[in-house]
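Structure first, then comments.
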Amino acid sequence: MSRILTYREALREGLDEELARDPNVVLMGEEVAQYNGAYKVTEGLWKKWGDKRIVDTPISEAGFIGMGIGASMLGVRPVMELMFWSFHSVAFDQLVSNAACVRYMSGGLCNCPIVVRGPANGGTGVGATHSHIPEGLFAAFPGLKVCAPATPADAKGLIKAAIRDNDPVYFMENTLLYGTTGEVPDPADGDFVIPLGLAEIKREGSDVSLIAHGRSVIQALAAAEILKNDHGIDAEVLDLRSIRPLDQDAILKSVMKTNRVVLVDESKPFGGVSAMVAMLIQDHAFDYLDGPIKRVCSIDAPAIYSPHIEHEQLPNPRRIVEKVLSLG
Amino acid sequence: MSRILTYREALREGLDEELARDPNVVLMGEEVAQYNGAYKVTEGLWKKWGDKRIVDTPISEAGFIGMGIGASMLGVRPVMELMFWSFHSVAFDQLVSNAACVRYMSGGLCNCPIVVRGPANGGTGVGATHSHIPEGLFAAFPGLKVCAPATPADAKGLIKAAIRDNDPVYFMENTLLYGTTGEVPDPADGDFVIPLGLAEIKREGSDVSLIAHGRSVIQALAAAEILKNDHGIDAEVLDLRSIRPLDQDAILKSVMKTNRVVLVDESKPFGGVSAMVAMLIQDHAFDYLDGPIKRVCSIDAPAIYSPHIEHEQLPNPRRIVEKVLSLG
Amino acid sequence: MTSASSSALDFAHSPINQALTPERKIELFTQMVRIRRFEQAGLKYYQAGKIGGFLHLYIGQEAVAVGTISLGGANDHFITAYRDHGHALAVGMGMNECMAEMYGKQTGCSKGKGGSMHFFAPDKNFWGGHGIVAGQTPLGLGLAYGLKYLGREGCCLCYLGDGAVNQGAFHESLNIASLFGIPVVYVIENNGYSMGTSQERSSAYNGCLAQRAEAYAIEWDVIDGSDLYEVRAKTHIAMERARKEMKPTVLEIDTYRYYGHSIADANHKKYRTPEEIENYKQNHDPIAVFRRRLIAEGVMTEELATTINKDAATEAAASVKFAEESPAPTIADISTDVYWESDNNTPASQIGRHFFND
Amino acid sequence: MTSASSSALDFAHSPINQALTPERKIELFTQMVRIRRFEQAGLKYYQAGKIGGFLHLYIGQEAVAVGTISLGGANDHFITAYRDHGHALAVGMGMNECMAEMYGKQTGCSKGKGGSMHFFAPDKNFWGGHGIVAGQTPLGLGLAYGLKYLGREGCCLCYLGDGAVNQGAFHESLNIASLFGIPVVYVIENNGYSMGTSQERSSAYNGCLAQRAEAYAIEWDVIDGSDLYEVRAKTHIAMERARKEMKPTVLEIDTYRYYGHSIADANHKKYRTPEEIENYKQNHDPIAVFRRRLIAEGVMTEELATTINKDAATEAAASVKFAEESPAPTIADISTDVYWESDNNTPASQIGRHFFND
């Protein structure tokens, strides 16, 4: 049996189950407790679990994330919310020097089982400093793991895997997905965990592979419908879900089937997850490519505010369709 | 007439000339004045230019880099030293939110003519927190410019261009190059400036393109000698010099000539400048490629300390030669 | 804060306030009213879906921006956080370009690229409008450093919230300001809350937040933000200390916001009692306080106050119309204002690839 | 600091010091001597090119690590910056694994992956060894938070330098420590300089650096770091405050380093006068002070002191031999210790690509 939940509810259910499973799991962040979370992901959890397990912090991201890292070395398992992933910039040293390197620099003596989670997306009119897409940025640091679920079920399954993982996992959500709905297995049917590192074909197809993660998956699915209905093109949509570890096998399998690739990535085009995926595809499936790998990224400028035009800066179904048609 | 200078001297000469040219140029950073710089790049400049132009700062990278950004909006032209580029992590917000976005968010009303410079490299036994290669990381942010000179002449020519540029330029040097020597034009022969965005062929060749920047250029040149002498392979070495703006034309021209590519990039392999260059090459020169683009990056782990093995983690002539030979 | 004790001193008699002409006093009153009317219009059209992103209203805090900025001369500069409408209007920005910015239109002060959190007017010495909490505090330091470097006698007023004091960048800035003798005045606008978190739950302190300045041997003061005269009198001292002695100051101005943190904040009546909000409105509203004051002084009549109010509402409505009728940015506009060199089509902009679309 | 005024109080009579047996006193003396001998050996082989990277010597500061760490119980934890050899030996790490780490050998405490700046021994409650200035200060907060969360009565001693106090992360940590009631003791090892910059040129302060704690309503104290008894007596109070009252403290321990910032620092006789260095060595050397003291107390003879010295030198020489003879890491070793899941070959490590070589 499964139920229809919002992405937000699914996440919350995952957090709640892990809080119940392991007394060392503690949620912390700005406004996560008494305020119920800026985006209400943690709604009701403070009331249920109390001050010890759900902790409001001052606006000191470097301070509280570093605190979580330190506590994790001692066996606590902090799940820390960045109200926006964009605020990584003020905690960057803790995120990439301490969390990513402490295991290595200690020759394996220290563990850092933390999760840092929060929304990472454009499209809500909050401008350049609040609209970062940092999956590729963090996946570049060996020692870190990164995932970005697109659906309620994936959000729940992956957050539970992230919390149980003994390495630092950076979990990228999306304010525009929080309200979207989807089927999520019933807890009564057993523990629902989706391992990191497993992509999923969200739509089978044979003509072209659209490879995406996060909300770009939803945009790719919408584009695939248009391609099918208006152009008779049968697009496969592969959802990476997890960026590091990365399901390279699934990527190559899809490419070898369709021989044509458009990567959809909300990142700015210099770099991003998509540049890396392109590198891997041309390296490992060179002879299967009918033509160059193409990408649909955000237009290369800081995020514009204007609600009239912001959606045009981001990958959207129109831009994806145009790109696929341009493959010729 | 040209002279033989070290990379360090060439940089210093460039800084000195710009200090003389423009009274608004001010150097700041930790130990840059009275101590003459941790790596002696600024040696003698405080004595010559005094407290106003050469400023020692506390160990507060976010504070003093943000200060430089603020002052630059008013017309001052700060050239700020990070003792190591690795310390970007504690100033990241100022570097990527304020410097990169203030022009955009103000609709073009604010300018940010700053330079941030310092060494960014592995290979000196300083371990994971001091050995970052952040060219790709920063080039990913529209609004920023990035360059990484490999020779004394390029160091001088590019630092002067960077200081005159009206956008934020992040300038990546290398502690292992500071002592290397090369010809640098005599100031008596005129102002020597190398524009950003111009790659240079450091060695002509026809069999394979080795594309690199920073110290990897030196490693690629050494590999090219071995390839020539031991294997009769004639490698072209293209030095990107500037990462953003990027000389895409020069890249494609070389690839179209040799049809085979090995990218050499000291970055960790997930992402990096090389993943982006690979993306561009396969996109724009797909039909010219005889086989997949290959890379030699640092082995995918935080930087190891051990001097016995650190050089094996980095791209080195042996690894480059092996990769070229593996092209078949 | 609601608990702001009514001051025993009367700052009307401070020289800086005695120097005010009746016209100037009315102007200051008018500015506060204009801010409020502008924001009320913004609120209305935000709720109507015309404005995107966040809307952080300044209503209740007007005397802080108007009082402090009224002291600015040609070489005094201003920079603040995302709650920036009050400062923008106080420095002299027009309602039109501000409203159009919130509407995301080409005619906005930032061409629709910044939105409500990112108003800028460098020609009026106003440097934003910044979204990252305390991210502007090193910039404010830098503006003041720039003044000193360029040999201009002036200072920078850098505003931040009571929650922002816990960001590391602010502390780094304070140390440098004191060490280098930088003419910056940090103004903590203490409205008692950072989002849903009261001052007591976010900050450890001795006495008050401004007192943290002592750690850096910096002078500090606490000001009742409902009294425009007090704001001016005490801020003037700090600005003069900056301009003449090259010394920073930290001011904490007690104030209050009537609305939620932003208009998306549906909780603000949960973490604050209705009595607390009502008490401030009744007894500490900066506009009402100054209105009573000017009427008592005989400087302003009830009628004039009413006219000012009506005019401000009319001006705000006109700015809505201006914004509505202005063109939206185009797709091409997304790519401008990224690089100075590109915008100015310089030789440097012609060399190498700057943008990586396709 | 050279100016550390000789204390009027005699801390030998503090209960925590009176409780010391003669054997334990000799052990503490021995620990300080061992640190010095170990580092002198390290210096020698660093100069011989056997050790890479940076070498930051602790010589001159030994009483700080030994005095404070001697107070630790089963639930007390320690974390410091890159100048970490003293702390490492004081918690009980062996010279062998420390020397081998500097040599970059597999037998090093961090398998040759961390080097001089990154010694770790979690089994001895020692959490490094951290290279980014003040980057360890939130981690120390977290270790103490963890103790409280897990219900263990203990504290964390987190060391930092006089230059490190100007990093934002430290201030964020102080605020949280006070606000949440975290049992952390910050120990500022004030050796007067951050690289070539004197305290006066890097920090603005009132009275002393520790006094900055007042900004957060945190207790603080200043300690003469040349007197092991004083270090113990005052640190004990702070640790008890942490353990029993869940309250943080900031301690500033005045001390001095004899060598440059690191051995690469060729300037250290330029920014400090030879007299200043000499004065410290003559009058404030923590080992000489404690040696005189123990001899005066009749606890130790000159002969025993000489033997301890010789034994420490012998032990250091043996550690060099151990390091020399140990195997270097292999290329394969580069790729371990990145992920816990991979090292433990768990199911999670089998799914998806974790490493991107070729």
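Per-chain numbering from 1; labels A, B, C and D assigned in written order.
To be clear about the criterion, a residue touches a chain if its C-beta (ideal position, glycine included) is under 8 Å from a C-beta of that chain, and two chains touch if they have at least 3 such contacts.
Bear in mind that the values here come from a model prediction, so they are computed numbers and not experimental data.
Novice: Check A-C against A-D and say which one is joined by more contacting C-beta pairs.
Specialist: Of the two interfaces, A-C and A-D, more C-beta pairs touch across A-D.
Novice: Please name the chain that ends up farthest from subunit C once chain centres are defined by their CA atoms averaged.
Specialist: Ranked by distance of C-alpha centres from subunit C, the top chain is D.
Novice: Counting only Cα atoms for the centres, state how far subunit A is from subunit C in Å.
Specialist: Measuring from centre to centre gives 36 Å for this pair.
Novice: Can you check how far apart subunit C and subunit D are, centre to centre, with Cα atoms defining each centre and the answer in Å?
Specialist: 45
Novice: How many Å are there between the centre of subunit A and the centre of subunit D, using C-alpha atoms for each centre?
Specialist: Each chain reduced to its C-alpha mean, subunit A and subunit D end up 40 Å apart.
Novice: Would you kindly tell me how far, in whole Å, the mean C-alpha position of subunit B lies from that of subunit A?
Specialist: Their C-alpha centroids are separated by 31 Å.
Novice: Please output the residue numbers of subunit B that touch at least 2 other chains, ranges allowed.
Specialist: Residues 58, 60, 62-63, 86, 89-90, 93, 97, 104-105, 127-129, 142-143, 244, 268, 270, 276, 283, 294-295, 300-302, 304-305 of subunit B touch two or more partner chains.
Novice: Using the touch rule from the top of the page, what residues of subunit C touch 2 or more other chains?
Specialist: Within subunit C, residues 110, 112-114, 118, 130-132, 135, 166-169, 172, 175, 179, 201-203, 337-338, 355-356, 358 contact more than one other chain.
Novice: List the residues on subunit D that touch subunit A in their complex, please.
Specialist: Listed in rising order, the residues of subunit D that touch subunit A are 77, 79, 108-114, 118, 120-122, 127-132, 135, 137-147, 149-150, 168-169, 172-173, 175-176, 179, 336-341, 343-344, 346-348, 351-356, 358.
Novice: Note which residues of subunit A are touching subunit B in the complex, please.
Specialist: Result: residues 86, 88-90, 92-93, 96-97, 100-101, 104-105, 127-129, 136-137, 139-143, 244, 267-268, 270-272, 274-276, 278-279, 282-284, 286, 289, 291-295, 300-302, 304-305 of subunit A touch subunit B.
Novice: Please output the residues of subunit C touching subunit D within their complex, sorted ascending.
Specialist: 166-172, 174-175, 178-179, 201-206, 211-212, 214-218
Novice: Quick check: in the complex, which residue numbers of subunit A touch subunit C?
Specialist: Within the complex, subunit A touches subunit C at residues 30-31, 34-36, 38, 56, 58-60, 62-63, 86-87, 89-90, 124-130, 268-270, 294-295, 297, 299-302, 304-310, 312-313.
Novice: Which of the residues in subunit B end up touching subunit C in this complex?
Specialist: 24, 26, 52, 57-58, 60, 62-76, 93-94, 97-98, 102-111, 113, 142-143, 145, 161, 165-167, 195-198, 242, 244-248, 276, 280, 283
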